[in-house]
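Scrolling down, you'll hit the structures one after another.
Common to both upcoming complexes is subunit A, partnered first by subunit B, then by subunit C.
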Partner chain A sequence: MLSFVSRRLATGVGLIATLAVLTFFFLQFGVSDVAQRIAGQQAGPDAVAVVEERIGVDRPVQVQFADWAGSALTGDLGRSWFSGQEVTEAVMSRMAVTVSLAVGSVVLTALLGITLGALAATRRGWSDRGVQFLAVLGQAIPGFLMAMALVLVFAINLDWFPATGYTRPSESVPGWLLSITLPVVALTIGSIGGVAQQVRGSMIDAFERDYVRTLRSRGLPRRSVVLQHVLRNAAGPALTVLGLQFVILLGGAVIVETLFSIPGLGPLALTSTSQGDIPVVMGIVIVTGVVVVLVNTLVDVVQAWVNPKVRLS
Partner chain B sequence: MLRHTKLAAAAGMATLALAACSSSGADDAASPAAGGSEGTAIEGRAPELRIGAVVDISTWVAADAAWGNEATYYMAVYDSLLRTSATNEVQPGLAEAWEYNDDLTELTLDIRDGVTFTDGTPLDAQVVVDNLNRFREGASPDRGLLDAVTDVAAADDDTVVITLSAPDPALEINLSMQAGLIASPSTFDAPDAQTTPVGTGPYELDAASSTIGATYTFTANEDYWAPEDQHFDSITINYYADASALLNALRDGQVDISNLNSLTQIPDAEAAGYTTNSIPVNWKGLILADRWGANNEALADVKVRQAINYAIDREGLLQGLESGYGEPTTQIFNVEGDAYEAELEDAYPYDPEKAKALLAEAGYPDGIHITMPQTSFVPASEPELIKGVLAESNIFIDYEQAGESFFGDLLGGAWSAFAFGLNQEPLAWQTYNQAIAPGAAWNVYHQADETVEALAARIRLGGEDGAAAAKELNEYVVDQAWFAPFYRVIGAIVTADGFAITMKSGQAVSNLWDITATA
Partner chain C sequence: MTTTRSSATRAGARKGRPGLLRRLLRHPLGGVSMVVLAVVVLVGALGPFIAPFDPTETSLQTIFAEPGGDHLLGGDSAGRDILSRLLVATAFSLAGGLLVMAIAVAVGVSAGLVAGYYGGVIDATGAWFTALTMSLPSIIVLIAARSVMGPSMWWTMAIFGLFISPVYYRVVYTSVRAVRNELYVDAARTSGLGDVRIIGRHVLLAVRAPVILLMAGVIAAGIGMQAGFDFLGLGDPTTPTWGQMLNEGFYNINRSSNLVLWPALALGITTVALTLLGTALRDELEGTTDKRHSAAQPWVLEEDVPAVMDHGDEPAGEALLTVRDLAVAYPAGTGYATVVKGGRLSVRRGETHGLIGESGSGKTQTAFSILGLLPKGGKVMAGSIVFDGEELVGRTDAQLNALRGSRIAYVPQEPMSNLDPSFTVGHQLTEPLVKVLGMKKAEARERALSLLARVGIPEPQRAFDSYPHQLSGGMAQRVLIAGAVASHPDLLIADEPTTALDVTVQAEVLDLLRDIQEELGMAVLIVTHNFGVVADICDRVTVMQKGVMVETGATRAVFESPRHEYTRALFAAIPQGAPRAPLPGVSSAGSLGAGALR
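Right, the complex of A and B next:
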């Protein structure tokens, strides 16, 4: 196990280094007038020159990269060219917001998806058809439409939740829960179906395996067979889907975060990329890369723990 | 404050609580009230003001500051040397008094005594000198506002003398905006200057409660030199990057006062219980830039430019593009400014036949073609509507998709004419420097005109003759059809019950001290 985790983390470091080099040099194609953008579109050449010198884009690209990489290795990811905020602070504070949404969504998806999938696989018939219909419906409704509907119903008409904004848990835990509920639900509805389908399919496969028939013929209660054996064997694909969902949500929650005016990683990534704010984009890529490597490693470890038949190799 | 029902809902969310361990927790057009909303201001300070903003602040560095929609942020933490009222009358700011010498080339400022920055640093003349010089050498898009300044010097501890190369009628107004913002010297070389402002202003930024790019919280500066202008204990500015998010915030009553992304949001805001306050801000229309015919020979003929003006159905465009929120006009100068003339509001009534006749007289009986830019940030319906209106007078627009360097290309003269909106500045001199002077950014071909320059020389010296020259300049520019204005569009700010605002002429946002809580 330790050797597996070490190898995965070492591969991850290589992956992140490659990602950093590629991202930095690809970004050069889109930032030709970044100093003009920072100074303002009506700014004259004098003001633009001041900005170019200040942010260092008047130097050769390779020198810029060497400087950035040297600082990054010491943990200094620099400052945003536009806001002046430290990149580490900007990315980590927003990562915390997005991670809270992603974790909330993954937990909710796991609870509902596994329950519905197990229900469909064990009861079949109308329950199965009902779950499958809801799964397809959930996946078919666009996230932004779901978000708008949730706001109109639960924030504006019923007044149960705030329509926009984010409250930090350090300020108020109930306020924080209220502020992330609708965004989490909006992010979750589309993904429940995928997990439910995976669990359903894996469980139906497992039900037809010889070992399940053997367990049943030995008189084990159906509840015990389902919970201790079938569901455990079916958990692998569901964990993979949940791990993927978490990773996708880190960068993919941008629409929901924007609609709810939540200061997460999505809007920061969108803004910094369109502006050509290289330090921030690089910071997002590095931090997200680290999280993705850790989450994937964790998913593999959990898979092995849930199902010892899975060998870490 | 959270409502009871919302707190109750929190109790039933045990599932979501599981996520807590993963969060580190860092961080009809006649309806708008013109000029502002009414109400009697309450005595003392109200607890809180929540402002909805449609533009984020680009930097807190005073020397690099822009203005427009960002002015609210700056007015919270900084003071300017002078102030302007809602009607643009110049008033004392950090400078208690000021006066020009006889030939208007030296402005002497008497700096207010006893003012300190929120970090405890005292304000003196040298700090003012350093701030003005930093703005002149900084990265503000508007650093040209101090172009006429040749020297800034401290005559003594509380006297600053600004020397000009030539009289600048706009200097006092410029010193009431970004060019006159005064920051603490402790921020000059501070690495966090862009995120941590230190001023003498009515409020202090509470960085710990703020999230850059989203929410900014300010608390009252208890040592403020003008406490009568602090109407709130705290102010929160929430930036809404998305129009739907802003509308939802309005519908949920999450803001007390807000700008709008679009005038089409007015009915929704009013339905949510807000009062709309409006004032004319920008003029929108065509800038007929290529008056030398460098790229489009036809535009060099004044008859062609006048034909374009006659070809514009201003009422129709106002209804079609702005839902009627504005007023048709054929002049680019501010309604309350010195150059404004009521009779120039309709100098070119819509008349396609007259437009065609003028084109024929100019040698274009079959009409003309003009290439204009089309951008992704303007709805496609807008250029199409303009194209359709002009085509009725045989003026054919060929659109060209603008690239990422749109503004650079535009200001570099890539297109001989283009649709745009420009702010209606308070003074004719400002409008001249914005779009008419040979060096003006929006005189994109930098055309010089002897008549214009003679009039500008008179405007520069001010007085009655300067005001008369401003009107003559307006008449000349309209007659020569340098522009083809469509209408003057309103700027709108919505206010919730219990809040009042006095709109500021020619500015997208009001003075912060003109926002009050009402009884």
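Right, the complex of A and C next:
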């Protein structure tokens, strides 16, 4: 089990390294006039040269990368070229907000998706069609469109929730809950469908398995076979989908945050890329990569716990 | 190049599967969504030419103009004509979605073909790239790419296409891997066809369906992503899109709700239609339509069933189970396929009764009917099953549950697939003891361990703690027998209990069944295609042919003077001088030619 986890983590580290190299060199194509922009349009060549030296873009690219990678390994992702803020700190504090949105929606998605999927698989008929219809609708409507609709109805027309803005949980927990309800719901609606469909499909598969018949032949009622055996065996594929959904939700959060003016990764990503603030962009890419790798490893671990074949090999 | 390829694939598919288009149109979701999409595409194609104004032309006079007059849908915050913008945005939004699809298909399919066919470095690179794209939300990549490429919609969509190409890569890769080892591809290779021609002729054919299947979804994803991206204000203002219009409308919602309405409708309707089309495509290509079967014709038994040839040449015992004129049918086409058609089967208390026939003769279906556990769709249409004086046909599942596992037990054919892979053997043995027989946990555990010892498992505790995949087939079958006899049933139904096992293990399992049968005095109905098994342990035998029980009697009588021509044919099919039981001292299983009728 331990070697299993460490193997997964090693692959993850390799991925993040590749990601870092690719992103860094790719971003070099866009930095030609960054120093000029930092120094201001009126600044002369001398002033620009000073800025170039300060942020280090006067050195060869490979030296810049080695320098960046060296300090990144110690947890220091450098400083923003524009605001001078520490990147590690800026990205981490915003990542916390984004991840809390994503985790909230994953939990909600799991609860509702599994319940609806199980309902559709066991009841079939109308509830099945209803769930499938909801699933298609949720998948089809882009998340931000859903978010817009929610804002228009629940925030602007009904005034139940704040339309925009974010209250930190440290300031007021009810306020925080109110401020993240609409974003989380908007994100969740889109992802329930996929999970419900998956759970439905793998449960219907599991129903036709030989061992279900054998368990039923022992006199176990259908209900208890479904709740224990069918659901347990459908859990593996559902987990995989939930893991994939997390990455999608993380991406969705970027857009939804901008819409709700929530100070997460999204707005930071927007400003830093439009400015060409390479240290911040790199920081966002790397920290996101790390979060995804950790979540995927966690999914694999839970997967192994659910499936003894994986656990014991 | 990329667009030619995708349209060629699509055209090829239409030609190869005549009627797909027609079937799609007839599909309730497919028809509607295709009509909607046709309208959207038409608007997109004509939009730039019929737009009354330049969509980027601003005018102070028409800022937030009311709908009507020259400006049919009004003006936006910069006084641009909303109708014109909507028309042109439709073209750009569709083009963006198509570009995403074209790139994803071109890159994903060709890489998948090459990697799947040749393997090696490309295979490894593909896997690596796939993992890479999964480790980062695509919007982050697109935002980062924008800082390099600028706000060009085309670049953004091309990169997104590349980013989701693994969707195609994986599907194609898997299909090619599967096809590559097929015999017909081998045959093509040995007959001297070049790789390119093999890929073109055989492999492309196999991946066609999944590639078409994903198209609608990928276009929808592309359109959705582009709208989201432009909604963030990252788009190129010279190429108006639905996303830009939504952004503009949303932030001016207090001034005019008119601005949001049209692009939201256009975007929502298009993506919903594309997704529904994808669902319809899946239904039609994979045949997964979940339509409720509505048989046009009522079920009727089409043929006369001859009376069973009963040897009846021994003192009649008390019947524990009597099956009479049983008919089992499955929905098929507009009517039914009847798999069991009648005859009579009578199992006496304490006897071992063989039900023998070729595969497909309906013997397993008969066994499942008695248990009330027919596979999905199967139904007992007529006849009666009387167990210990009680009629079982027409009983509810709950009523049957009272018999199952306590008075009627079941040993399946394939041991491995009949144990739940996610639970330990011990859990699967004790669960029914606790829930059905009402034992205490510790008591059930004791019972399970002693049962495991009884069925000849050398280390019961170890087997108890094992997961099914850690057991051999023979051990797993012993576990299943232990589970079946745990409640001391009156009737044990064993469905080909030895077929999936090694020959040496077969004999041991038969011995075990016979011993337990004698010990508990239960009746055993053993379903088999092997006369060796019948000769070995059965007191009486019933022969089944094409769903009908044709002959029944004491094993000896049937063996000595088979009356039905089918029974005689079965005997004639046993090879003379077939190998006898493999091990001296082991029972005579297979002495009449184990598996001779297989």
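Keep in mind that, in the parts below, the second predicted complex is superposed on the first by the 295 of 313 C-alpha atoms of A that agree within 3 Å, B and C clash if a C-alpha of one lies under 4 Å from a C-alpha of the other, contacts with A are read in each partner's own complex, and residues count from 1 in each chain.
Note that contacts are C-beta pairs under 8 Å (C-beta built on N, C-alpha and C of every residue); 3 or more make two chains touch, one makes a residue touch a chain.
It should be emphasised that the depicted structure is a prediction, and the values quoted were computed from it without experimental measurement.
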Partner chain in contact with A:F161 - subunit B first, subunit C second, else both or neither: first
First, second, both or neither for A:L268, with subunit B first and subunit C second: first
Contacts of A:L116 with subunit B and subunit C, given as first, second, both or neither: neither
Touching partner for A:P174 - first (subunit B), second (subunit C), both, neither: first
Subunit B versus subunit C as contact partner of A:I141, first or second or both or neither: second
Partner chain in contact with A:L108 - subunit B first, subunit C second, else both or neither: first
Which superposed partner A:T258 touches (first subunit B, second subunit C, both, neither): both
Contacts on subunit A seen with subunit B and repeated with subunit C across the two complexes: 30, 148, 156, 258-259
Subunit A-touching residues of subunit C, taken from the complex the two chains share: 128, 131-132, 134-140, 143-149, 220, 224-225, 227-228, 231-234, 246, 250, 253, 257, 260, 264, 267-268, 271-272, 274-276, 279, 290, 368, 371, 373, 375-376, 397-398, 401-406, 408-410, 412, 414, 417-423, 428, 431-432, 435-436, 467, 469-470, 480, 483-484, 487
Contact footprint of subunit B on subunit A as seen in their complex: 30, 32-33, 36, 38-44, 46-48, 50-51, 54, 79, 82-86, 89-90, 92-94, 96-97, 99-100, 103-104, 107-108, 111, 148, 151, 155-156, 158-166, 168-178, 180-181, 184, 258-261, 263, 267-268, 271
Touch list for subunit B against partner subunit A, complex: 2-3, 5-7, 9-11, 13, 15-20, 22-27, 58-61, 64, 66, 137-144, 191-195, 209, 211-215, 238, 240-242, 244-245, 248-249, 251-252, 254, 404-405, 407-408, 411, 441
Contacting residues of subunit A [partner subunit C, same complex]: 11-12, 15-16, 18-19, 22-23, 26-27, 29-30, 128, 136-137, 139-145, 148-149, 152, 156, 207-211, 213-222, 224, 228-229, 232-233, 244, 247-248, 250-252, 254-255, 258-259, 266, 269-270, 273-274, 276, 281, 284-285, 288-289, 292-293, 296, 306-309, 312
